[in-house]
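Each of the next two complexes has chain A plus one more chain, namely chain B in the first and chain C in the second.
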Partner chain A sequence: MATSYVEYRELTKRFGSTQILHGINLQIEESEFVVLVGPSGCGKSTLLRMTAGLETINSGEISIADRVVNRVRAKDRGIAMVFQSYALYPHMTVADNLSFGLKMNKTPLERITKSIASAASILKLSQLLKRLPAQLSGGQRQRVAMGRALVREPEVFLFDEPLSNLDAKLRVGMRAEIKALHQRLKTTTIYVTHDQIEAMTMADRVVVMNDGRIEQVGAPLEIYDRPENLFVADFLGSPAMNLLSGKVVHNDGRMDFELENGIQLPLPDNSALRSDQQIIYGIRPEHVAFTDDDNGLPVNLTLVEPAGWETHLHADLSGISLRLLSVERVGARPGDSARLAVDTSKLHLFDPTTGRRI
Partner chain B sequence: MNRQMTRTEESTLRPEPGILQDWLGRYRRFFLIGLPLAFLIIWTMVPILWAFLASLKNPLEIYESSTFFPRSPSLAAYQTVLAIDGFGKWIFNSVLVTAVATIVPLILSILAAYGFARYLFAFRHVLLLLYLIPRIIPRVSLIVPLNDLMTDLGLINTYWVLYLTYIASAVPLSTWILVGFFRAVPREIEESATIDGANMWNRLRHVILPIAWPGVVTAAVLCIREGWNEFAFVLALVTETGMRTLPYALYMLKDSMGVQNYAVYNAFTILTVLPLLIVYLLLERRVVESIVSGAVK
Partner chain C sequence: MPSLTKTSNNSTTARERIADLALATVPYLMVIPGLIFVVGVLGYAVFGGFVLSVHATDMFLNKTFVGLQNYISVFNDPRFQASLLRTIVFVVLSITLGIVMSMVFALTLYHVGFARRFFRGMSLVPYFVSGIAAAVMFRFVFTTSGGFVNYVLQQIGLPTAAWLGDPYLAFMVAVLANCWFMVPFATLILLGGLQTVDRDIYDAATIDGASGIQMFFQITIPMIKPMLGVSLIWVSYISFSTFDIIFALTAGGPQRATEVVSMYMYRIAFLQLDFGQGAVLMVVLLSFNTVMSLFYLYYFVLADRRLEKEASP
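Up next is the complex of A and B:
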């Protein structure tokens, strides 16, 4: 039948009179690793919890492995979920935490023992089986939470910000481990995060959500290189894309972009543009560079933030603020003047009224 | 173990203080915690201790001497109490009624509290407030109507009258305590159990109750205390000697003894209080253990 493994069709959700999800349509392939990103409160967790069977569905359908699961109970949906808080059973040892689900489902004891041993060895928990969650570090608790999902041998893994309680270093490590685990098990995974790096590095496909709607779906770099609308352009990337408003002007047969302060920036040939058309001119900070060319844009540097291997800078272009990012060491200081060049092959142009990419 | 180690590490890192500071620092815990605690313990223990010592004195010694300790301690008063006709029956009554008035309310209120804590049904807040009414109304004002009602029902001087009234007064108390403890169990833990395939009963039994265990013990202790010490209802609804509970019997003892025998009176008091103290200490230990082990946060 259909090839998609998890499918949402016109899914909506209300809490009281507040509409939280407005008709979600999404198809996830078997063994795909899909990451949901979006600002806080956009409904990521709600969507995940509806998939898990922890929230009711107001309208629309969710199907998992070609079976509509709207009325299927959580335990029978073939899913396993890892919560941000880990939600371990605090009164049970690690071993009991891992085996609880199997016991509830009346799994034979031998199988339980085998499953636990295998999950424990995959997640390096073998030494910790007799401990209580309170006696574990954050990273170890995280592993137990994953182990508990693992022993269920689910068809779909659901992760809700599983790493956000870990410190930065551990997070990077666990990120790689989860990814490696996925490559090994090939279990379809839906992963919620609001960490862009996690989204970019882990996902086969990224789903960008905003205010209960899907804004764009695509491979991480595809979305980064070609955001379909202003929201996605602004949301993905750190430091964020420069989004400048102004209009298209004709200069002896050539098109240029004129800022509100009258300064003009180059535009590539684009037949879709008309003279005097209002547009948003988007350029990522890494596509703005210093130049020796006297025709470069004259700016004053207002902020220089060395961040190790890269430097974030803020520049003032006659009252309009620009962000730029340089991977070379920058000797300049705030207050210095400089000239900038924009890589016109990397521009993103948007229609200010619809927010759509031109 | 771990915690203590970090504490010593911290103190070795602290800069060298002056002698006075050093002395204050070392004994700070004694002054801030030890001294008030000692005071509290004395404050609460002295009456019981006094009653205990008095129970060991001979009948006249209490009047004639101002000494605290008995001159020649004797257990005669206890023998007298134990020999009182009906004492065994009163203990039996107290134990029976208290047990029923603890177990039944606990079962009822565990179920009720789970509902209040987890389910979003209409009027649950109002209902929870209404639940408190039996405890807000002064018990004395209930006595006359209850007496009329129970007389009509023909329940006066039966265990049923005590079961009914004791349970009715214990259920709201333990429900209120348990609602708080159950609500404190993170919802996601229960959701994990749901995904793990636990039905409502299994979630309650294997997840909620073990985590909220200190709450259950607290509710149990309070139910036991209420039942054991209950006085107004038994006074109003029981007239037969054989149906008395210990507090009622103790109250009646004062009138029944010709010469005011304080040693016997105090021995009776100690025997009434003792079971409660033992139960309390035993259960208290369990709560502390579960908190220390980290099973409950």
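Up next is the complex of A and C:
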């Protein structure tokens, strides 16, 4: 048996003259929790809907459990999907919502009863079975939507931004519930979100998409620590990575990075760099710190945002804006001057023309 | 903090209270003139009708109180009984045909992608044509010699019919003409209903394995039930009260085959000038329409399960 459970081969999709997906290739392993993440319009939801059988395929192949499903109907693909809007049947009780699919597939009544009872107990819905969706809270509706997916006993779970309609606190709770459910059921899961925190916290592997293409695939921290290109570097991480334009300069046999305003920042030894080469110098806000060293970068603080567990700061480096993140409490105020040090072991360097990592 | 709350409470001046009161009452004040106008006109007519229905009138409109005599005379008139039965058949056929047609058109328009606005606009055109004009058009189409339908039948070698001369056929043509007039608006109401259904719900039902037919009866119909109720109210009201179409199409003929209650009422009130008995017929039509509308309201709009809110936990 092949290890890839869901596989996309050269998958393309067009809506009219607009190309939505440009030849997607991806292999998802059995039991894996894969998160498709990217900005609006990057094609992640379309990819999910094509997997579900709700959108046609222009070219390429989708296979689920070693079976090409391009021409298989949605109900026969062995998938279940949870929608952003929950898509509950508003005129049916929770129990009827859960059993609708089973009834359509002519499942025997006793099995329906058993499936509903089991799903309801897993998702703590047992007390709500006679309610209508309008009588439920957002979190409860979300659980009914998951229950409806659960009773289908699918081979693959598809989630389309399921937490977007919940408030921040509930979202964190449901995130953990979905993750726990996956750990319990071990069902292969494809989860679409535009929220990078969801992607980072839930995924076994993250697939970063942009403009109908896959930018990078990897474990969450792997992608965070080593973004392959400028898009991924900029997209993942909040506050976002500082990306500074400038060129490489030689100083007494040592290499430095010179910003457009003439200020120089340290560079580690890197044989791939040559003098005067234009590069993008990327440093995450948490890798810029205050220093007492007089050689530190002189900045003026422009904005201090205390978030409780951490503090976000904006600093002005002679006309260039820098973002910093400190887990310490910061007593500084806007207008204060300070000196900063950059952790050169955590730098990300990119080629400005190709956008690729150097 | 408590002192702050207290201060702000105390600081509500008389002027602020008047402003609040004005804000709350102005919307009602704005509604009142319209309300008085509607209730006045409608109330006067309905009340006047009721009063008239228990009086006998002469040609100078002198009224003599006769109690329920007008009702007894009307209900015992075989011509009324026949016209009432005819009306009920007419209404049932019109509702059935009209709602089915409206639903088919609404679903079609819902799925039309190309030139959507054009087709939706065009679908309303029949509604803009007055009932009389529609009836005249139908006469042209269904006239025995030289009518469009017979011409087509002749061309393809089928037997022609005396559409407006045969009692049964004339009745059917009247039903058709009535549908032609009322379907566009009902279509529009149903289309509005269809557009409120979240497309994700159909996607969910597709994944759940529902067929097109199952989706229609188990998802679409229950979800547009309130709109279905409103269009039923419209369709049955128009069918019960239809007058202009039948008047211009067949004038109640042939052999009274299309003499519905409204035609009969016209005859009694305006040809025989018996306003008392005419008023009785008005009461009959009003009662039917009211009962039907309440029925639809109750079963389709108020009984919509989605409106049920939080019960006890």
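Operating definition for what follows: the second predicted complex is superposed on the first by the 357 of 358 C-alpha atoms of A that agree within 3 Å, B and C clash if a C-alpha of one lies under 4 Å from a C-alpha of the other, contacts with A are read in each partner's own complex, and residues count from 1 in each chain.
Just so we're on the same page, a contact is a pair of C-beta atoms (placed from the backbone, for glycine too) under 8 Å apart; a residue touches a chain by one contact, two chains touch by 3 or more.
It should be emphasised that the depicted structure is a prediction, and the values quoted were computed from it without experimental measurement.
Once chain A is used to superpose the two complexes, chain B occupies space that clashes with chain C. By the document's definition of touching, neither partner reaches A:R357: not chain B, not chain C.
In the superposition on chain A, A:F100 makes contact with both chain B and chain C. In the superposition on chain A, A:R148 makes contact with both chain B and chain C.
Of the two partner chains, chain B and chain C are each touched by A:I79.
When the two structures are aligned on the shared chain, A:Y89 is found in touch with chain B and with chain C. In the superposition on chain A, chain A positions 52-54, 74-75, 79-81, 83, 85, 87-91, 100-101, 104-105, 132-135, 148, 152 are in contact with chain B in one complex as well as with chain C in the other. Remark: chain C residues 198, 200-201, 203-210, 214, 218-219, 222-223, 225, 304-311, 313 touch chain A in the complex. Residues 49, 52-54, 74-75, 79-81, 83-91, 100-101, 104-105, 127, 131-135, 148, 152 of chain A are the ones touching chain C in the complex. Of all residues in chain A, those touching chain B in their complex are 52-54, 74-75, 79-81, 83, 85, 87-91, 100-101, 104-105, 132-135, 148, 152. The touching residues of chain B, counted against chain A in their complex, run 186, 188-189, 191-198, 202, 206-207, 210-211, 213, 290, 293-297.
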